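A quick write-up on the structure given underneath.
Per-chain numbering from 1; labels A, B, C, D and E assigned in written order.
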Amino acid sequence: SPDSTASTTDSPVIIVSGQSAQNGELLQQLFDDYNAANAAAPVTLQMSADTDVDTAQKALVSLASGKGPDAVRVTNATYQTMIDAGAAQPADACLTESGAELDRRVLDGIAVDGTSYQVPWYVTPNALFYNDDLFVKAGLDPDKPPTTMSEFHEAAKAIAATGAAGGTAYFGNDYNFQGYVASLGGRVYDPQTKALGIDSPGGTAAFDLFATMAGDGSSPVYSNFFAEANEAFAAGKLGMIITSASGYPALKASGKVSIRLAPVPTMDGGKQVAVSSTNGFVITTKDPARQRAVCDALQTLLSPEAVTRTVAATATIPLLPSVADDPAYLADVYEKNPDWVAVREQQTTPWVSLPGGAHAEYSKAYVDSQLRVLRRETPAAEAVTSLQAATADLLAAQ
Amino acid sequence: MSAALTVQSVTKTFRPGEPRILDDITLTADAGRITTILGESGCGKTTLLRIVAGLEEPSSGRLLIADRDVTRLAPVDRDVAMVFQTFGLYPAKTVAKNIEFPLKMAKVAPAERRTRAAEVAAIMHIEHLMNRLPAELSGGQRQRVGICRALVRRPRLLLMDEPLSALDPKLRNELRTEIVALQRAIGSTILYVTHDQTEAMTMSDTVVVMRGGRIEQAGPPDKVFARPASTYVAEFLGNMNLNPAPDVERAGGYAETVGIRPEHFGLAGTRPAAEDDFVVSGRLERCELLGADRILHVRAGEILWRARVDADAPIGDEITLVASRDQVHTFDTETGARRAT
Amino acid sequence: MSAALTVQSVTKTFRPGEPRILDDITLTADAGRITTILGESGCGKTTLLRIVAGLEEPSSGRLLIADRDVTRLAPVDRDVAMVFQTFGLYPAKTVAKNIEFPLKMAKVAPAERRTRAAEVAAIMHIEHLMNRLPAELSGGQRQRVGICRALVRRPRLLLMDEPLSALDPKLRNELRTEIVALQRAIGSTILYVTHDQTEAMTMSDTVVVMRGGRIEQAGPPDKVFARPASTYVAEFLGNMNLNPAPDVERAGGYAETVGIRPEHFGLAGTRPAAEDDFVVSGRLERCELLGADRILHVRAGEILWRARVDADAPIGDEITLVASRDQVHTFDTETGARRAT
Amino acid sequence: MKIIPQLARHGLLALGAVYVLGPIALMLLSAFTPTDDILAGRYLANLTLGNFVEVAERVPLALYYRNSIIVCLGTFLLQVVVCVPAAYALARLRFAGRTVGVWLLGLLILLPFQVIAIPIYLVFRNVGLIDTLPALILPFVGNAFAIFLLRQYFVSLPQSMFDAARIDGAGTLAVLLEIVVPSSRPAITSLGVFTITAAWNAYFWPSFVLTDQSSATIPFGVISFVNSDAVTDYGPQMAMATLSVLPLLAAFLIAQRQFIRGLALKGQTG
Amino acid sequence: MSDARNRVVPMLLIGPAALGIIVFVIAPLIIVLALSLFRVNLIGGTMTFAGLDNFVTELQHPEFVTSIRNTVTYGLLTVLPSLALGLIVALAINGLTRGQGFWRSVYFLPAATTLVAMSAVWRWMFRPDTGVVDTVLGPLFGLRDWLGDPNLAMGAIAIVGIWHQFGLITVLYLAALGTVPGDQYDSAAIDGARDWSRFWHVTWPALGPTTVFAFAVTASSALQAYDVIAAMTAGGPLNSTTTLTYAIWSRGVHFFDIGRAAVLSLALLALSILVTAVQRTGYARRLEAGAVR
């Protein structure tokens, strides 16, 4: 067992990752290479297709029963939960020791009350993905993607007029939504003040936008966003989708559509801001020797080579700004994909999650509210109000 | 006498290519009489009855009921009723409902249904059981319900498939008498299947002996009993002694079997003897008391003879049995057929 | 003669407070003999046998087998075997395995098991069936397997509960003979339940007639037949005519029933008459041919008499029947008990 | 003359078979078709085993099969060992508490496992059974439904067989092993079908008590192709579904004769 | 055969099963009752007494009523249709002169499949617009995107539920039809009962015990519906397919709220007792005794 003191490092380091479909192969390769180079404490990667939330919860349960993994892959949706449960160990030392000069935005994203509890792998902002061919077909200029939501809406209408589905501004959770709220100067949740900002101009405007677009047919309504929207876009049936940049390889995989990327359109009257979610690993073992071994393994993710491979595969923001323009590393990639530069340079706001167990339930409540808005069962204003009230109850119950 | 039922050259094969279960059966049942079908297990009795009822179709041949061709008619349109060996009552219905059921299917009005059911129930003495379920009846009572249900439609022809064989002997005696009385009372035509000799002999106006899907012999019971057409019939009706003929009895050089009924043997000396009497002597091997009579098992060499004598006849160890010549039947050993005498 | 089985005052009640199924039964079965228990359905025959076997416990009373008290012993320790009406074979075992099973349970070595099973199978002529499953056998064959299984342990006492009633009449005759032969051959003690009169009369050394949980009469079959202790016994053994006595026959002022067996009637004039003969005259109502005999149904006023006479006796419409005085039984009408004569 | 109604029946059944077999056929077709072709509706245009190869690469199939087989057989065998004696006693022996027992069976048979899943989960967590195969087996060993099914059959066995066995000197154990079990093959087979199907298909309980792969059963393999939030890989998904379904289908086709005999209920629930 | 032995042997036989049932059914039932009174922190491993708090919170939460209503709806949508379909198909197969075995196998196949796997297939068949259901049935009935539509999703789940279990019901009924005494059909034919009367007066009463058993099987699988939902809709959209079972899982495992999940478990228990009670009514008893027509 990984926790038994006798066998601190001679058993493999166990790292759990869900979301195998999201860059799982790349992750496996990175650790395979690590294992090949360093046989002392090899990594066993336990990967599943579970969602990030399920992965975190299962890990928490096994940790509580005393036989958990050494590290767990997290996203912003689960990071806070791991910390609140006391499962995540501080990673500052490990980060410092690696000597990696991390992007400021990354460090901001992972610092909780001044301490970092994870070793990041990549930071993914959301971005506008659009289908070059459909743009042309709709009489739009693919070189001038929409920069505001009004333009986005117009473009969606034009595409919808061709018979394809227009575009989706919403997402399968509140990832996009948090960006829209920020664009109009709010914050869905402030960890410091514990204030909620769902019921804010940005929140209302976002829900309004979703409802209007669904109403005029320029946005399809997917009740199961992840399965349907991605598939529709990959199949060339959806013109635009605002989603995480890290989804790039999966969307690209079908090879049928000419994907172009652009920064997330700005909310009308707001500022351009994307949401960023950090994908990384929290160290969960409490055994110092094993912590060492885990840290050692995770540090490979911070090497310029790893960052290059990751970004090349995912269109995410490089953890190390220095490699971006380095001809030895990413310069080539950006040259080949000029769209990516704008995406990389977006203003970002970290995707926050609610503390403790509240996040999962909030997340579900959010998706339900969004769907009601999309189906125009609930007006936007009412939806934000009731969602905020329900979320407040959840926070109070913590 | 008019024929209530005519079966013409009926043949039945269940699966093509397999042997015939019924092989060219032709018979008539006289109106107002009881015709009994007799034969060993599996000889086709039930199959014949089911074909007459319309529950099976004949592979070839015709059926006439009261001179109307019914070969292709549904059971209910043939105006026949049937009493099953296994009763075939509806377990979820009361006795009254069971009896009324055929009338209900014929859309008879409820009031009349009740009257007619009560009528037949009275004939069979089950008026007091009308509200019971079949599960709450004894075997004899169930069979009476079955008969009532068959009678209530006043069918032209009543088919009964071993109606008494599942019952205990006392009930069997009782119901046998009741069935005959009933038939006398309402003058119906009955086709009755049994493999009980007593039933066949006592109840029927005609017996039909079947064997392997064919009719072996048919006629009034006393005639069949007196002149069985084969060893099969002789054994089946009256449990005849069938033994190889002693050398002196052989004629024409082919093997013969003699048949003598146990009750036709007498003890030598207790009856007037004739010149040509058939005589056997042997050792008494076993002696079964059968109420007023005794069955003596007498061994003469390899051969065992049974004789039925008075229970109080004096017997010793060595016994001589005598039968008069006209009670001695002879059969061809090979084919079992009666020798012309 | 030593008693193989003694039943002492055995009583059985299944549920407290309910009437007794067996009520103070006392009987002995002689070693090496066949004792037959007879009685109407539900009178407790099976229950008694099951108590003897140890399958049920008596509510009170004692059982001795070969003078050893076995009342509290498990079935297997009583040295009894049983043959069931419904065979009770093990469907998943071959015939050989079925027969060997009791020996296997007794931890007899496999080789010896096989020898002994083959032995009994030979007695019952089923050697060729040893590898079949019960489902592949006919009823008669199954029952023979049941008997073999009972015999193979060489039990002191063999219990048989209506072993033949599920079979057809021909098979029944065959097996009846085989069972008697077997019993003669190995000299076992048999307690035999039946409700077939013929079986009871022909096979047994002693018959025990039961009625409603009590023993109505017990004794050698000819004795019981000759002097039935009650109308119940008289009717059960030999189907006696039981009718109200004519006024002149009444004695002592209380109601009497006279009983005369059909075969003890003669036609007036065909036999020597005596002064005190019992005479009835009436109209012939029905006449049943029974092979060599005829059953005459003679109605005298309200009363119907049956008489068995020779099939060839001359008969008219008006008939006078005669029975000699010593063949006339009288019973108390109220209780059914035999009047001392 | 009875040809027409017979044909009508076959026609009706064939129509129903579209509903019944449709999904299975679609699954089989898709399993051998590349995902792109599936999406375009071109089944079998390019026959491939690639989906199966991909499944084999992405999930530890052998492990899943091994676990599923252990769980199925373990549950079934233990159930037979535990439930056959109980069902025999409830069907054939007279003792105080029998009526209560039979009555309780009738009550428990409808109790959804989900009602009690949480406490069992908590207990297993405390005794360290999480992520183990026994955790998937133990809760189903003493099973009311199994006892009910077997009892129903035992009640219909002829009494004389049991009487004969007692007279032949068979003790309780011998009666069970030599008489009851061999005579009850159909009932035990149908119990096997119920139990093995349930265990093979179970997802609710395993998703409760399993957090890692080591004890995961076949349904996890399927789920791992369903739950991803990226574009769905229909080909491998259907290949995995096929792989998960085939063993049971084969087993059923082999055992069906016995199974169907065991399902002919005669008696009552009591 | 001593009295002591008489008492000990049954206990030995019942013992292991009784132990299993006590440990894994009775005791957990008691624990559920207790848990509903506590606030349970699984990760921290603490339990604090909460009185009736869990009940108050849960009973006020829309999820409570919704999940009960959905469970009942699912039961209504699956139990009777499964019985009816199973019976109809069994009758159709039973009347065949040849091909009985073939059709029996065909109709049983779904019951032998892995529900989770087949749910994936079904989910795909229900895909909006491009799935088989929308392309074939959509134009006929004007319904689309079953799984995405809160009004249709439960129907879709029920279609899959019925699909998976009615073959088993068919086989149950077929087995029962094989044991209906033939002499009753013969009687009915002679008595003039044709198709419907014959079914109603002979077949249906004889199928009583099987109907009761089949009801128990389908009702219990309706109460336990989880796999299809987990694989096809995850309780959505808008909780329209959140049954009690799914709610227990999401509340207890997904939201880590064991106390309130226990309350939901108790609701499921109450529902199953209710169904059992229905099963014990006069009608069902008469049905079981084969005395209903």
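The working rule: contacts are C-beta pairs under 8 Å (C-beta built on N, C-alpha and C of every residue); 3 or more make two chains touch, one makes a residue touch a chain.
Which protein is which chain? UniProt says B, C = ABC-type sugar transport system ATPase subunit; D, E = Multiple sugar transport system permease protein.
The structure displayed is predicted, hence computed values, not measured ones.
Following the contact convention of this document, C, E is the list of chains adjacent to both chain B and chain D. Counting C-beta pairs in contact, the chain pair with the largest number is D-E. Computed from the mean C-alpha positions, the centre of chain B lies at a distance of 25 Å from the centre of chain C. Separation between the centroids of chain A and chain C, computed from CA atoms only, is 93 Å.
Chain A and chain D have centres, each the mean of its CA atoms, that are 40 Å apart. Contacts with at least two other chains are made by residues 54, 74-75 of chain C.
Shared contact sites, meaning residues of chain E that touch two or more other chains, fall at 253. In chain D, 39, 223, 225-226 are the positions where the chain touches two or more neighbouring chains simultaneously. On the side of chain A, the complex with chain E involves touching residues 53-54, 57, 60-61, 63-64, 85-87, 221-224, 228, 357, 360-361, 364, 367-368, 371-372, 397. Residue ranges of chain B in contact with chain C, taken from their complex: 40-41, 138, 168-170, 173, 180, 195-198, 201-203, 221-222, 225, 237-239, 261, 263-264, 286, 288-293, 295, 311.
Within the complex formed with chain E, the residues of chain B that make contact are 50, 53-55, 74-76, 80-82, 84-93, 101-102, 105-106, 133, 149-150, 153.
Interface residues of chain D facing chain C in the complex, by the touch rule stated above, are 158, 160-161, 163-170, 174, 178-179, 182-183, 185.
Listed in rising order, the residues of chain A touching chain D in the complex are 16, 19-22, 46, 48-51, 58-59, 61-62, 64-67, 69, 172, 226-227, 230-231, 234-235, 247, 250-251, 253-254, 256.
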